[in-house]
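You will see two complexes here that share chain A, one where it goes with chain B and one where it goes with chain C.
For the complex of A and B:
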């Protein structure tokens, strides 16, 4: 572990369950301090990737390193915190007891920080977890994860079960902590709107394979959305640059990988939005459009 | 980019070398305290009842003038003089206690072990617990010890109290080496609890469903106890008692002194086991002659003496603990292999 290690680095990572491969040939490097969105339709392998990174599942192929240390299914790296889907907590515990749990289960624990995070959202310490709202439970789970003072925090669909207002509040609280502490954040979502304003790095998964990976700015800058008259694919466009083509009776929209092509004047070129990019890659991968929600 | 000096802060460096101090005990106790305290309350109430039973019985015997008759044996002057006068309530309780004591260990074991891990999987909280700084083996071990050990201690004491309380009743109480006496007096209740608990805890890890784990526990427990019952006569080579040719078809009550009669058979002059036809023999006076005519020179009683009680208890407990150890091992291996 050292300063130059990426927060997460996967090499040829793969995981096969009895029903088949959940994740294959996954290689990426996530710089420390990134706020990464792990995006993909349901069943794309997001949870599998996160559980491998959290060290609670063993890779079938390849490896994943957290802060330079390869994890091997023996629990999480000491500087990594993981919040699984639905943020399970002990429902009969009070909030106070959940904090005691965090203190008891971790050698490294920042009690005052965790308490402050709870106080910030005005959750009574004496309340039982089972009586809290979904948003409050997520906040308690976050306090528990952040109380470990992790260098990297992985969240599996942290917003999925929340109403829109709670989504916003949780996301704001989360980003405030990222800014304050500089931790690396990776959160999975199947809703692009949840992540497009807050993340600076994208990992796009479909069918267990990594489709796209990189800083969002750079990804957007190296893609182009061309709109022009309907017809066959224009001859001036290199075939290998095309990510996806969609045509209606009147016009044709093409997502390309390069921006430098010169084009006829009846073609319009714009930088794609994150949503254009994600949906374009998912459609080109043969995914049905309905599985990925563009907005909540 | 935000930089944090991971490798350079003293806290991080210290953390690398020293194992983090954790207190899983608190968490396990917080989770299991209701089950543990309820079990102990039940065991305590039973123990108290047995102590009161014994004290009342002894004073009742004293009232009858039978102070010297403890333990109260079938044969001997005590039984003849006082047995008919012992109040029925003592006999009733002495008959009921073994039933309760027989059901209690598997019940407590299944209810403590079944949900111990299955409920974690049902609610997904094993992921919460195993993504802190505590490894799966330690987590398993502490939860297991906290849920089981207090109840094991309680049942150990209860089994000894039951043995002590029933002793003055030896003529009516369940016999030491026979079912249900053997299974309810001494250290067997504690051993049976560990067995049921081990089945239930491991079934919970494998099935990840509390109800299914408890159901499977009952089935496996019954089978294992029947197997132990089959093995029990062979814990030690039986003693043999050579008897004369009986005068009637009814076998002598060789277990009068609390010993365990395993077999009764006739032998010929060369000491071999024979099976004479007895259906043609008339009852009473002709019976003995009828056997002698068929070459029977005596009868043999095979039995386990009553003084082997503690030896048999130890063997039974060792077998139950060995089976439990295998089950525990399978459970912890399974838990480590598959967390999510």
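For the complex of A and C:
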């Protein structure tokens, strides 16, 4: 491992289950210190990608390297922590007992750090896990994951079951961790609004394939949302730049990769929002959008 | 110390909201020369926006000469912005009020007036930025 290695690097990563391919031809590189949103409809392959990265599942094709080390069926990487959707907490344990468990299960363990994270959210050590709110349980699970002092933390839908205030508090705690330790985060979500202001990197999955990935600023700057009069696709626009076209009776909206071609004055160009971009790419694949929620 | 509030539905990029709120605080005198801005960690812990967004906003403010960032110490206000022009008693505000009164006499509703003002501002700024862009073209820096 060295500091210049990407936090995660996938090459032609694929996973086939008995029912078919859950993930295919997935290649990307995530720089250390990124806060990455793994976005896509339910069933897009988000959890599959996370379990492959976490070393819990074995890749059918390709590889994924964590901090320069190729995992793949060799078990979890010592510097990587994974928080699954069903947080690994015992409801009848107290917080204190959960910490004891964390200490016993992990070779690398920073007890005072884990305790401080619990104290930061004013959760009593004597409280039983089962009596805590969803937000508090997430904070305990986070403290257990971060007590291992990982260089990267993967979270599968960490905000899905939380109320808006708890969502905000969990994101605040995660991002403070990024500033304090330079940890790399990758969190999956099917709600774009939950993650768009908190993340700086996007991985967009649909139907088991990576549709788009890169720094969010860069992705937005290299696309344009054009609005103009209804009609056929304008001739001045190169067809291969077009991501998605939508028309109503009066108006046409086109998401394109940014081009410097001059456009007629009745066409307006703006930089897309992350939501424009994500929904444009998902719709252009002709996929059902029933489960992708644009807003909270 | 100033606290930033990020409105996710405003349509204004979060980094720009920080820039605007800082400028506003400078104009209103809530921030003075030498005052410290919150650290990236403090903003992140309060708003859950990405740390790079805070740094981007501070770079912009530094570029405008409004703040100084000192590595490991923090960001400090370097100069304030004139208050007079933005106060409600200023000549600009008086002119604007009489214009708004005229608009109301022409039976425009509040949303109409707001939309009109926004459209004119957008038009003005788009014109001026494109002139600036043209002006700087061909002058290597």
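In this section, the second predicted complex is superposed on the first by the 295 of 296 C-alpha atoms of A that agree within 3 Å, B and C clash if a C-alpha of one lies under 4 Å from a C-alpha of the other, contacts with A are read in each partner's own complex, and residues count from 1 in each chain.
Rule of thumb we're sticking to: a contact is a pair of C-beta atoms (placed from the backbone, for glycine too) under 8 Å apart; a residue touches a chain by one contact, two chains touch by 3 or more.
Keep in mind the model is a prediction, meaning the values are calculated, not measured.
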{"item": "Which superposed partner A:193 touches (first chain B, second chain C, both, neither)", "value": "second"}
{"item": "Which superposed partner A:266 touches (first chain B, second chain C, both, neither)", "value": "neither"}
{"item": "Partner chain(s) touched by A:102 [first = chain B, second = chain C, both, neither]", "value": "first"}
{"item": "First (chain B), second (chain C), both or neither touched by A:176", "value": "second"}
{"item": "Which of chain B and chain C A:240 touches, first, second, both or neither", "value": "neither"}
{"item": "Touching partner for A:168 - first (chain B), second (chain C), both, neither", "value": "second"}
{"item": "Contacts of A:67 with chain B and chain C, given as first, second, both or neither", "value": "first"}
{"item": "Contact residues of chain A, present in both the chain B and the chain C interface", "value": "none"}
{"item": "Interfacial residue positions of chain A with respect to chain B in the complex", "value": "1-3, 31-34, 51, 54-57, 67, 73-76, 78-79, 81-82, 84-86, 88-91, 93, 97, 100-108, 144, 148, 151, 181-183"}
{"item": "Residue ranges of chain B in contact with chain A within the complex", "value": "1-8, 11-12, 15-16, 18-27, 30-31, 123-125, 127-136, 339-340"}
{"item": "Residues of chain A that touch chain C when the two form their complex", "value": "35, 168, 171-173, 175-176, 178-180, 193, 197-200"}
{"item": "Residue ranges of chain C touching chain A (in the complex, touch as defined)", "value": "6, 8, 14, 40-41, 44-53"}
